[in-house]
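The following blocks contain the structures, represented as structure tokens.
Both of the next two complexes hold chain A, though its partner changes from chain B to chain C.
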Partner chain A sequence: MAFKATPQKFTAKINALTVGTGDREISLGGENVFPFYSFDAPIENSPKIGIEIHDAGHYAGIPGMDEYYAGADTLAETARRAAAVEGADFLAVSFDGAHPDGGDRSVEDCVAVIKEIADAVDIPIVIEGSKSIDKDVKLFDKISEALSGRNILVLSAREENYKSIAASVGLAYSQKVGAESAVDINLAKQLNVLISQMGVKSENTAMNLGSAAAGYGFEYVASTIDRVKAAALAQNDMMLQMPIVTPVGAEAWSVKEAIVSEEDFPEWGPMEIRGINMEVSTAAACLAAGSNAVILRHPESVKAVSRFIKALI
Partner chain B sequence: MGLFDRVFRGADQMYEKAESEYGKALAELGADASLAMPDTAYHMACIYAYQNRRITKLGDLREALDEIKSRMIHEQRTGDVFSSGIASVMAAEVIECCKYAGGRSPYEGTKYHGHFSDAEVRELGVPLVTQDIPGFVVIIDPAPSDEEAAALIKGYQNRGIFVFLIGGVIDQAIRSKIQMGFPVRVVPVGEDIWAVGHIISLVVRAAMIFGAVTPGDWDAFNEYSFKRIFAFVNVFPPLRDMTVACGAGAIAKGFPVITNVVENVWKVPKTIIIQENVADFIETSLEARDIKIKITDIDIPVAFSTAFEGEIIRKKDTRVDINGARADCFEWVRTKEAHEIEDHSITLDGPDIDEAEQGATIAVGIMVDVAGKNMQSDFEPVFERKFHNFLNCIEGVMHTGQRDMIRVRVSLDAFDAGFRIKHIGEVLYAKVKSEYDTVVDKCQVTIVTDPAKLKELRAEANKSYDKRDMRLRSMTDENVGVFYSCILCQSFSPSHVCVVTPERLGLCGAVSWLDAKATNELDPNGPCQVVTKERVIDEDIGSWEDVNEAVVHYSHGALERVTLYSILEDPMTSCGCFECICGIEPASNGVTIVNREHTGITPLGMTFSEMASMTGGGVQTPGFMGHGKHFIASKKFLKAEGGITRIVWMPKALKDIVHDRLNETARELYGIDDFCSMVADESVSEDPETLLEFLSEKGHPVLAMEPLF
Partner chain C sequence: MALKGLDIFKLTPKTNCKDCGNPTCMAFAMKVAQGAVDLAKCPHLSDEAKAQLGDATAPPMKKFNIGAGESVFALGGETVLFRHDKTFVSKNLYAVNVCEGSFDEKLPDIKRVDYDRLGERMYVELLNLQFTGDAGKYAELVKKALDAGRGIILECRDAAAARAALELCAASKPLLNGADAGNYAEFGALASEFGVALGVGGNSLDELYDTAAALEKLGNKELVLDVGSTSIKDAFAWAVQIRRAALRDNDRVFGYPAIVNPARLAPGDEYLQTALASLFTLKYGSIIVMEKMSYAQALPLYGLRQNIYTDPQKPMKVEPGIYPLNGAGEDALCVTTVDFALTYFVVSGELERSGVPLNLLISDAGGYSVLTAWAAGKLSASSIAKFVGEFEIESKLKSRTLVIPGKVAVLKGEIEEKLPGWTIVVAPNEAVELVKFFKEYKAG
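And then the complex of A and B:
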């Protein structure tokens, strides 16, 4: 008997979330099929790739990255170079240096940083925080104010600080809010419910479900993303229909494979290639599980993942 | 003259004043003069919000004023009073804004603040929305004395309440040297009553910014401020008609008015409150607007952190030993009426630690009284059990046990740092108020150390414990309206859902039906949700359509059906943290139960961990089931398969724990005496053959029962 394909498309769909403005505006999500199941129904918006820099420039210390950003002496120039990477849909700016234990860059300085960056590029901007609960509250408030009208996505409203962030980022300045939870479908859902109860519409939120580098407990990540997508589509769970944004770079570039030197492990080959491989394989796995966007650091990773997406959709 | 008439007269006066100010400005500047409020995108916000009219020129006010007049209906209906009140506020805005016409800055260089910028609305709005600022008060006109004014303002400041001042109270604050300004959260808005226009402008902008309320949607603005903006008004004499009219506007927006004026004022519960004692204004106001003050700091001389939870205090380091085994000690939560409780009162009745010898055993009874609109006596044991965690977090304090079998040690170091009995009260007060803020409005702690009084109190506490136990025992799956789901374990067992019922507690043994109920009410979006039980499929095996739907939902589609009382047909799944595993023993047609602590083999030829590997992970394995220890004596245990008489083997330690209650159930349901003696344990058998011999010898009822398969 001949095989007869039954398209598995759902009546429910993932919310389409727009970030940025004008020609470079992007939409995350919007699909009503499982990831890359373009044979079931057209994928509304292909997954997007963000390129990540931080408040002091690019992530230094990787030869190929240093080379790519060579001569970019200002943040504005760094941002322009990052935005110019082939396949980069948005710019992610992380404020690592604002953490009280990691430089404690003042909120005013951070605002100056983001203004310089924002003035230099026209692609959508995603803000990653300092990883400090208290600092992020103040930081996101002022950044959202400074970037009024740019329709930015502010990642990491967490269980401990979602109230303030939802109120300032989402309500006072009408920016997009990213709900960050730690690889747990129920906590993710609960946070979405709480943020929506604050008055932020679900159509204006994204989820960062957390991540891990491939091989470092990634099964939990894959299973969580997978189940979130299944609940959103198959069960029409409105509180899980937000698009998923997964920062990959920080995880991939901090595992052993990406940081031990070639001198110590000659049989492993060049460190940079290992790091890129780690970043690309983690990102590909996240996308296959259901992420609507990934955030990467290395320009080569961005290019590779971009080819991967184009080949599948 | 009635209250309504005062509102109408005040509204008319406000309107006349607005007309006259408008006329004056018009004569001076002309209709084309610009009328743009500084630093706002919302024009004259009250007019914009309630009339959907964007005022940009002075002349635009004509139509706005006409609409204001049309809203001042003088019928004797409540709606007309509210409508006139809001219209009065709009008229007040007109009076104030005329001062800004033609780009003037009327308050520059004065002691008054006047108009609020959008930046200030956002700055105040964010903490109001998150309730980091629990609310704001508008104080109008002078308090009876400068001292009372200062005490009132400072009292609000201490509680994090934002303060707006209008009229004579501002000069009182200045004379009392109170620092004022937006950053210190005390703002002198303006001299006259019409300065309220600026405050309501701020309120309606907050509704548009944070609540996306559409201009022109009159009711939505009032509803938003009622639900989301926790404001109230304090008014002192002379209480003119215009103030009464603005008060009607405040009330329309859900802001109660508290005053010490008694003449020509009519009390309306929760809305217009007469409080003659100014010292009580704060408490009366907060209660009227349902504002609860969050507690962030605990006032004790030692550290408080979960880091100290596991701290052990040795005998030689002990200053005092509060020991329920040797003296009359207890912890007791009591639900009271709000008026019976003085919030944050901590009373010590008897000698303090100082008076005890070093290392002495002392008697201490702790009574925590709580009140709240949503408080239920069923929560008492839930709070009480948490005392253990609360008190253990104190540096230098060790706590075990509950009820009247507590043991608390206070270390020498903690004592030297100044720790005394009352600090136990401070900790319990702060934790109960902050952890259970959804149900506890007021809390007071009484600690008795006088041995003479403790005996009687302990007996009384025990009566209360007994009453609770009776209630627990009397609760059956049939006589409650709903069950609860618990998905606390889904982080590591993604498809598992517990359905918690009065007669079947969670398999971890830690979540009873009452716990689940309390969890649900305290954290409505949390892990425990209501599961209805209206559509019965088969009550004998414990199967309901609603329960199945809930299981599908909370397992995200992984499970379709469960029964609550059967081990063979769709048994309830397990996460992995079950206290016990029950498995079918084919030779005898019975079941064996093994608890986690038992490391030996069972007659099934498997150990606990071997059985666990096929029971956990949220999968249904008919014939195996994880459960809590207390489920064993339940009348619902294996009800579908014939009940507890199926039990043929348990480790001795487990048998000892459930002994009395299991025997009681066997007697009640089957008329069997000393059933436990018929149940084998590891001392008589660890294999099917000897098990069968033992059962035959004892005449175990299972041998006469229908085969399981």
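And then the complex of A and C:
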């Protein structure tokens, strides 16, 4: 009497979203099984990893980063260095410095920044915003125009500004649109519906459902992603079949465990190792729940999560 | 096939006698159907009904304990594949792998990680004692492990060495992990003789299935299924298929907890082990064996586990009290928020980032978020005044300025009335704005 395996293959699928062009083009999603359930059916595209830099360079506050990026004096060189990390599938550029309270870098300057970066690398580019609703509208419009033909993913169309962003990024420049909502299945679905009503095909959108570092309410993240994938696959809910892209680095590198100094908490050991473990643990948990891509900051985290994905696919 | 509550109800005496601890026979039947209560709790069922219900109502996954004394740990008893369907019940346990050569070196590091997070002790619960071929040395290892105050896993496929080890430590109810297709009869008998749970492995999922079935037939009802160490991919595939067979397909043969061994799946690779432990926390590892457990690994892993195993119906709470931040003394500014763990962590994290010494006052707000607590009447001028009184804030602290959450700005006037002599300051609505707020507050 042998074990009778009953595979759980769904007729519905997660949409496959392509980002980038040429040899380095990537596809996110496309699977018709739960995350890493390759024993049920082959996984169409393995989950992808993005490495994150921002508009002024690398994240210098994170230990180990100055060493890794040493000598990279220009944005172009920083971007090349990031893209060269083993396991990095795409480059994520965050415009932290464009927020009115965070430097207020002008849209023109931001366009110059992204052009310099884009000219330096051939891997796909994902744009993260300034976190300012109004600024992002102008910023994404100009960036999408400047990188026309690069097939970028612009991550942050929110409830308050999706109309302008969907119209410019998605329709005028045919770039890919990422819908960003709070960690909640209903809000996520609503935003997807609204964006699709604007005329952006759901095959051209991704979702950012938000994240939380391990230990900081991650149960909401896990259960939301679990439910989104169940609705997308088991109930064929077409408004939840977009691949999920989850920025992890920003969350992981802001919690106490990753940022207090070793002098203050000698028992805890070196800050860099703590932060990498936090980033890796959170990323692995997101991928286990169903994220199709994670965005990370530390090169060692990128390498480790890449080993993790390779071992499971 | 699982029975519905109504089918079970029809077979109950329908007397609502409450002998089972439930208010009505219907309530009892519903719980039995969910696998939450054992049928045997009803003393009045006819033999006929018992026979009819017997197997069909047994919980889909066995629940039992390993360990003894202060180190007793529950395993299994899960009823759902996804926590949003109900809740996960027995949190995964962490073990560190030790062998005769490495024990003395590893023990101090294992003991160092031992802390409290939201009222839960975070530490390495189990020691995985790996047999390396010498029964005499293994016995020495067991003796040392007995003094460490942790639960014990005997990972040993040598029957003679296992017997010698069990003679030393059977009283502490270890898990004997060593049965396979070749030795199961002997190991099954050993586990029964010493009254311990038995771990069983196999070269394939089919072989594991058959061996588990054979052991159950021999009377071993407390099994732990070893997902093996051939590959990471297989270990995950086994863990999912075992749990899914038990809970979705009601296949009792696989209705047991699983043990996974990242120490062997990714030797020497700390970060990959952290990633694997995170994966198996979400998906179906009941015991996770690590090469080591540093603070850097423990902090995210135990936090993640606490999140995943939290009951969706019971919010995580922090204890009410005074939490001094950034070296705050009695003169430092007072700040208050609710006791909902997520709010506390987010707010205290931002306050720490501000670098400004502050005393964070946490009152009992029922474990709700700020607005929910306010709407439910758990966070009010009275509740804050009551807290200030009960915790003798006015004698413990000198500051008479209290910063309240922006979302309950409406409480300002009322609190000032209830706390004469205090100045109430309203903070921004969102936690992310706190760093700026307090830096400027200090400057101003």
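Everything below uses one rule, namely that the second predicted complex is superposed on the first by the 311 of 313 C-alpha atoms of A that agree within 3 Å, B and C clash if a C-alpha of one lies under 4 Å from a C-alpha of the other, contacts with A are read in each partner's own complex, and residues count from 1 in each chain.
We adopt the following convention: contacts are C-beta pairs under 8 Å (C-beta built on N, C-alpha and C of every residue); 3 or more make two chains touch, one makes a residue touch a chain.
Keep in mind that this is a model prediction, so the values were computed, not measured.
Visitor: Of chain B and chain C, which one touches more residues of chain A?
Guide: Ranking chain B and chain C by residues of chain A touched puts C first.
Visitor: Going by the contact rule set out at the top, does A:I133 touch chain B (first), chain C (second), both, or neither?
Guide: So A:I133 meets neither chain B nor chain C here.
Visitor: I'd like to know which partner A:S254 touches here: chain B for first, chain C for second, both or neither.
Guide: In the superposition, A:S254 contacts chain C only.
Visitor: Of the partners chain B and chain C, which touch A:R227 in the superposed model: first, second, both, neither?
Guide: Touch status of A:R227: both partners.
Visitor: Between chain B and chain C, whom does A:A285 touch in the aligned arrangement: first, second, both, or neither?
Guide: In the superposition, A:A285 contacts chain C only.
Visitor: Looking at the overlay, does A:A56 come into contact with chain B only (first), chain C only (second), both, or neither?
Guide: It touches nothing on chain B or chain C.
Visitor: Answer with first, second, both or neither: which of chain B and chain C does A:S164 touch in the superposed model?
Guide: first
Visitor: Per the contact definition in the header, classify A:M198: touching chain B only (first), chain C only (second), both, or neither.
Guide: In the superposition, A:M198 contacts chain B only.
Visitor: Which chain A residues come up in both lists, the one for chain B and the one for chain C?
Guide: 223, 227, 230
Visitor: Under the stated contact criterion, what part of chain C meets chain A in this complex?
Guide: Chain C reaches chain A through residues 82-84, 112, 117, 205-206, 208-210, 213, 231-233, 236-237, 240-241, 244-245, 248-249, 251, 253-254, 266, 269-272, 274-279, 281-283, 294-297, 299-304, 306-308, 310, 312, 342, 345-346, 348-349, 352-353, 436.
Visitor: Going by the contact rule set out above, which residues of chain A touch chain B in the complex?
Guide: Contacts found on chain A: 141, 145, 163-164, 167-168, 171-173, 184-187, 190, 193-194, 197-199, 223, 227, 230-231, 234-235, 237.
Visitor: For a test of understanding, state which residues of chain A touch chain C in their complex under the given definition.
Guide: Chain A residues touching chain C: 1-6, 8, 36-39, 101, 213-219, 222-223, 226-227, 230, 254-257, 259-260, 267-270, 273-274, 276-278, 280-285, 287-289, 300-301, 303-305, 307-308, 311-313.
Visitor: Touching chain A in the complex: which residues of chain B?
Guide: So the residues of chain B in touch with chain A come to 122, 125-127, 129-132, 209-212, 487, 490-491, 494, 525-527, 553, 556-557.
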